[in-house]
Amino acid sequence: MADDTMRAFVLKRVGEVGVVEKPIPEPGPNDAVVRTTAAMVCTTDVHTMKGVISVAPGVTLGHEAVGVVHAMGSAVEGLSDGERVAVAGVTPCFQCENCQRGYTSQCSGRMMGGAVFTNQADGNMAEYFLVRNARANLAPISETLSDHQALYATDMLSTGFLAAEHAELELGDTVAIFAQGAVGLSATIGCRLRGAGLIIAVESIPWRQELARRFGADVIVDHTHDDPVRRILELTDGQGVDAAIEALGTPGTWEATFRVTKPGGRISNVGYHGDVNEPLKIPLEPFGYGMSDKQVYGGLNRGGRERLRRILRLMEHGNVDPTPMTTHEFGFDEIERAFRMMETKEDGIIKPLIRFE
Amino acid sequence: MADDTMRAFVLKRVGEVGVVEKPIPEPGPNDAVVRTTAAMVCTTDVHTMKGVISVAPGVTLGHEAVGVVHAMGSAVEGLSDGERVAVAGVTPCFQCENCQRGYTSQCSGRMMGGAVFTNQADGNMAEYFLVRNARANLAPISETLSDHQALYATDMLSTGFLAAEHAELELGDTVAIFAQGAVGLSATIGCRLRGAGLIIAVESIPWRQELARRFGADVIVDHTHDDPVRRILELTDGQGVDAAIEALGTPGTWEATFRVTKPGGRISNVGYHGDVNEPLKIPLEPFGYGMSDKQVYGGLNRGGRERLRRILRLMEHGNVDPTPMTTHEFGFDEIERAFRMMETKEDGIIKPLIRFE
Amino acid sequence: MADDTMRAFVLKRVGEVGVVEKPIPEPGPNDAVVRTTAAMVCTTDVHTMKGVISVAPGVTLGHEAVGVVHAMGSAVEGLSDGERVAVAGVTPCFQCENCQRGYTSQCSGRMMGGAVFTNQADGNMAEYFLVRNARANLAPISETLSDHQALYATDMLSTGFLAAEHAELELGDTVAIFAQGAVGLSATIGCRLRGAGLIIAVESIPWRQELARRFGADVIVDHTHDDPVRRILELTDGQGVDAAIEALGTPGTWEATFRVTKPGGRISNVGYHGDVNEPLKIPLEPFGYGMSDKQVYGGLNRGGRERLRRILRLMEHGNVDPTPMTTHEFGFDEIERAFRMMETKEDGIIKPLIRFE
Amino acid sequence: MADDTMRAFVLKRVGEVGVVEKPIPEPGPNDAVVRTTAAMVCTTDVHTMKGVISVAPGVTLGHEAVGVVHAMGSAVEGLSDGERVAVAGVTPCFQCENCQRGYTSQCSGRMMGGAVFTNQADGNMAEYFLVRNARANLAPISETLSDHQALYATDMLSTGFLAAEHAELELGDTVAIFAQGAVGLSATIGCRLRGAGLIIAVESIPWRQELARRFGADVIVDHTHDDPVRRILELTDGQGVDAAIEALGTPGTWEATFRVTKPGGRISNVGYHGDVNEPLKIPLEPFGYGMSDKQVYGGLNRGGRERLRRILRLMEHGNVDPTPMTTHEFGFDEIERAFRMMETKEDGIIKPLIRFE
């Protein structure tokens, strides 16, 4: 392989993925190029592989990666060559009007426009990757943190925390979280961090239930044994919870969030509902025919150096450790196997770690 | 008629209304009895008359009234006999947990539990009416205000302002308001008061269009001539509005609010969706498959003396005058005719004023 | 002692306290009478004893107590005789305009008007005590909680949590807390519950330092060895913290909060500054000459059943245990000794528990 | 004068200002160069001239200007050569951590770091000026707006609106604004836009009083005839206002804001307190000894294209017209005279407009 080329894991065509050789990217004035040291596969990557999210053939997959600064554009400040950095899965410009309004996920006036990796440009499941607006998006990683820990800041914790933030919990509030995959588990961590008084996690897989408990869930509801709506109402004396989080992306869990919340409750969605080709339905009576004071919010990872730094700080001082979510570990050569396992969810996989070194 | 009886306008059975004689109510320790001087009919009363909202036969209708304090319970403070007072259409206790959380419309743990008049007890379309939790719910009316003006504080302005508040406008934001009935017009007033930079009102009836302009709409879209979604996108350079208000209560306008808002936009519902017996549908693509940062809120009149006082203050200093919305005026003897006109909306009726004296 | 009398611990005159006999109170329509089972002494009680806070001679002291419902007024709903209840130190009406605005501590238009116990009526360091607006202010205590635990909800946790709430922490934010008395320690618990990324506690007394660590402080700064301003800036790479909490009530700690916060930082005061008879001073340069985007907030315990319930819930599920703050325990006969120790702070006293049974 | 030079109005040394020749600036990759068409002088410029704000000799003065795009850096998007643009007086990067936290005025971790013009680089009282981070900071001006109108968006309205935003007004709230210079008048406009129910403006100069009335003040208090604290309390039935705005920068008006606000009130500072070399004093009793629930906020112009666009929009649709504040007009050759008049405030000057063409 020539000195200026690298290996990249790409979408060849819908359903087909693999490693190809690509040129190492060159930075424009506001860009940085990062040499990847570790990455993780996200369920969104699998959606992309399967064509649920449509991207250009040949694009490099992946949006959860950490590494070291390899090259920087002339206008990039505040970073040094060789510095260890984390990059969020969403990399907004922070300068357009949507970003200035605070909706950085919706960068450049485009719905989900901050989701650059894979969707608008190459992702970062490659030996090197380009980061636009590098000054706003690269966060230094403290020596006390491993790559493994830092990776969780790039997407899972940031997204799960967003779900918890949109739940707008007052201290001691009650919350139900539908599904305990990596995002749901991160939402559980987030709700514990925001001072929930009762966290009810809905999940049937034993290892996920165990992690949910470890991360702060007070009660687990197994929807294969219990009707979760009925059970959550029981657990809250018929009142319902102050907030419900949808971290799965199915019509059933979406509708359940309305049924389990009390008047004035918040519904916080981080599930992706692109799988099913029909409108989301809000059941009328639990929504008070439009007058229940229920609030619905749906968002995604906000990105940015400042948010990354805050999430990393929670790990630096030992207040959060998400690494038990990592069920499997692979070398770069084994990425395709990691993708396939994420598709089938076999062997209880939650998050696979990919080591580049 | 005996000294201790009064005339009340009641629901005899679904579809049948009329005046009956009832005893003048006696106050409990925290109650007040108000002698009615003026009232207005609300579209909700018509829903009740038609059975869309189910209430007990014989109940007095109405929830928009002003009058003078006739009698007070032993524990009521801060009011004097004979004082002119306004009472909101929603009369929460302000003491239960939902009220303490700030969701006073959802009083006593019941969805819309603050809607006491007509729904849980007699309404106030009678010569006298009882107000529970009087200390929290009666607001003195300044001498400079007419009964006519004060009536608008009891429901229309409070509800329309709520719609504007949930639109969470930043100064100069853009907003579209679907329908310019009395609540929609009040939302227009509210959005102007919150500093909207562009108010687009969707309405086809000429007098309502004229009022919308007078109350602050910058552009009127007539949905009988134009597709409002297309037109609103055009008017905002394809970006969509920062917020959309649903003040009608139909599936079509509800769905349109999602289509006309930009990512990060707010959908504020004050339409009652109990007419149609099916779930509310959120179109997927304009909702970003759950990830658009759009926020949905549905509520109703919050009630309470403090809110009434603030709304009355806006009229006291001449900053707001909603009375042009009053298209018709009746004596108490003509109430049924007012109800029938509100049902058919004949003669361009918006709000009918009922004088008791 | 007659059947209708009780023992009460009162302020006889400034500096002199002791037990007297008083009639057991009778409830008005909205009141309840509680038979006390346990109480705690607060530093505010000591201020009152010393005359810093001026009250009527003969008034019963105390505002942190739990017990069982002994009698209820005719209009009180939602409670049963004999029910175990907690009552906050601040008992607002929740119906006046300040309460409706959400400023329940400032009830009835009076600064700190919600502080009824001792200041406007008898406190609750007596065998029985009267609670006004009982429906809004009494919270049932779950069987799983001890009186000892529930007592912390009445003032210390509620006040410390308020400090944390006014710090408006984003997940991972940095915060400095000045002094780790019972309120400061409760603020430390509160900041951990809100997801602080770095909590710096300023304290010199070893047992308080130890508790601070146990409750979540990441770093302790001993102001008798280090200049806390310099040290906090060092610990934050010269940036300052996102928020600083003043939990002592001295001019020096107040001014320090401005010096240690970054631009856009929050200063949250729960210290009582009535001891020193001079204005509070804001140092100009750290306040950006008025333009630093720093936000200053000073409040007190908000009270109310709903807040109590949320705080109790945090203890019910084992997420919070403040009882290690209790350094001493006394019977009712020994209350005066507890007061004297709170005055001198001898023997490392933080909170003394008074058992009535 | 050579083709590549321009005239600039500079600070020669403290107290001495004048026109010099300078090279026309060249843009870096993220910069733009604007050819100035109109500008205004700000009181801050006078502070700078007098040395109260310390800057490097030779620096170009001014930070309120509009013009047309003359040149752009290679990485600047979303603008065209020759486009008419407004630039805020504060030009943040929007990418550093303080900007990402939303405190754009405090850009780059520096207190008031967004105040680039004059303080960190040349101002814009020159025939051409350089704008850093142009993409985030240049806002197109609609054809329907004059340069004169657009100039008000760059600082006066943005700063006055910030004052109104920090007053956190609910609809119908009461507010007192201390001083009706250009910023105070803009705050009056802002409070009217946010739906204040009663605006009390404190001012003694007749033309300013007249403008205050025109822009929405309901009552004028002349502090040369009345004690404003006493008068404001009278006007609010002894309750005080919900919010007070300090738009002057003197110890007396600062302290008055605490005395006129009710418990739970907001104090919003936009006055610059660098003139007097002593701490700001908060009077104890009106601050409830730290427990009044009063909130204090001090900030400055936030800058940015998105905010500019919203302010411009309010003028485009005729909802705001600040131009009556312009009392004088000068050519570029007469700038020094405008500065001297702003220093002495002679001839009732409020804002002088400088035309470059």
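Each chain carries a letter (A, B, C and D) given by its place in the written order, and its residues are counted from 1.
One rule holds for everything that comes next: a contact is a pair of C-beta atoms (placed from the backbone, for glycine too) under 8 Å apart; a residue touches a chain by one contact, two chains touch by 3 or more.
Please read these numbers as outputs of a predicted model, since none were measured by experiment.
Among the remaining chains, those touching chain A as well as chain B are C, D. More C-beta pairs in contact connect the chains of B-D than those of the other pair, out of B-D and B-C. Rounded to a whole number, the gap between the C-alpha centres of chain B and chain C is 41 angstrom.
Annotation for chain C: residues touching 2 or more other chains are 101-102, 170, 309. Those residues of chain D whose C-beta lies close enough to touch chain B in the complex are 161, 164-165, 170-174, 190, 192-195, 197-198, 218, 309-314, 316-317, 319. Residues of chain D touching chain C in their complex: 98, 101-103, 105-106, 109-113, 170, 239, 246, 249, 254-255, 262-264, 269-274, 277-284, 287-300.
Residue ranges on chain B touching chain C, taken from their complex, read 28-30, 74-75, 78, 93-97, 99-102, 133, 135-136, 304-307, 309.
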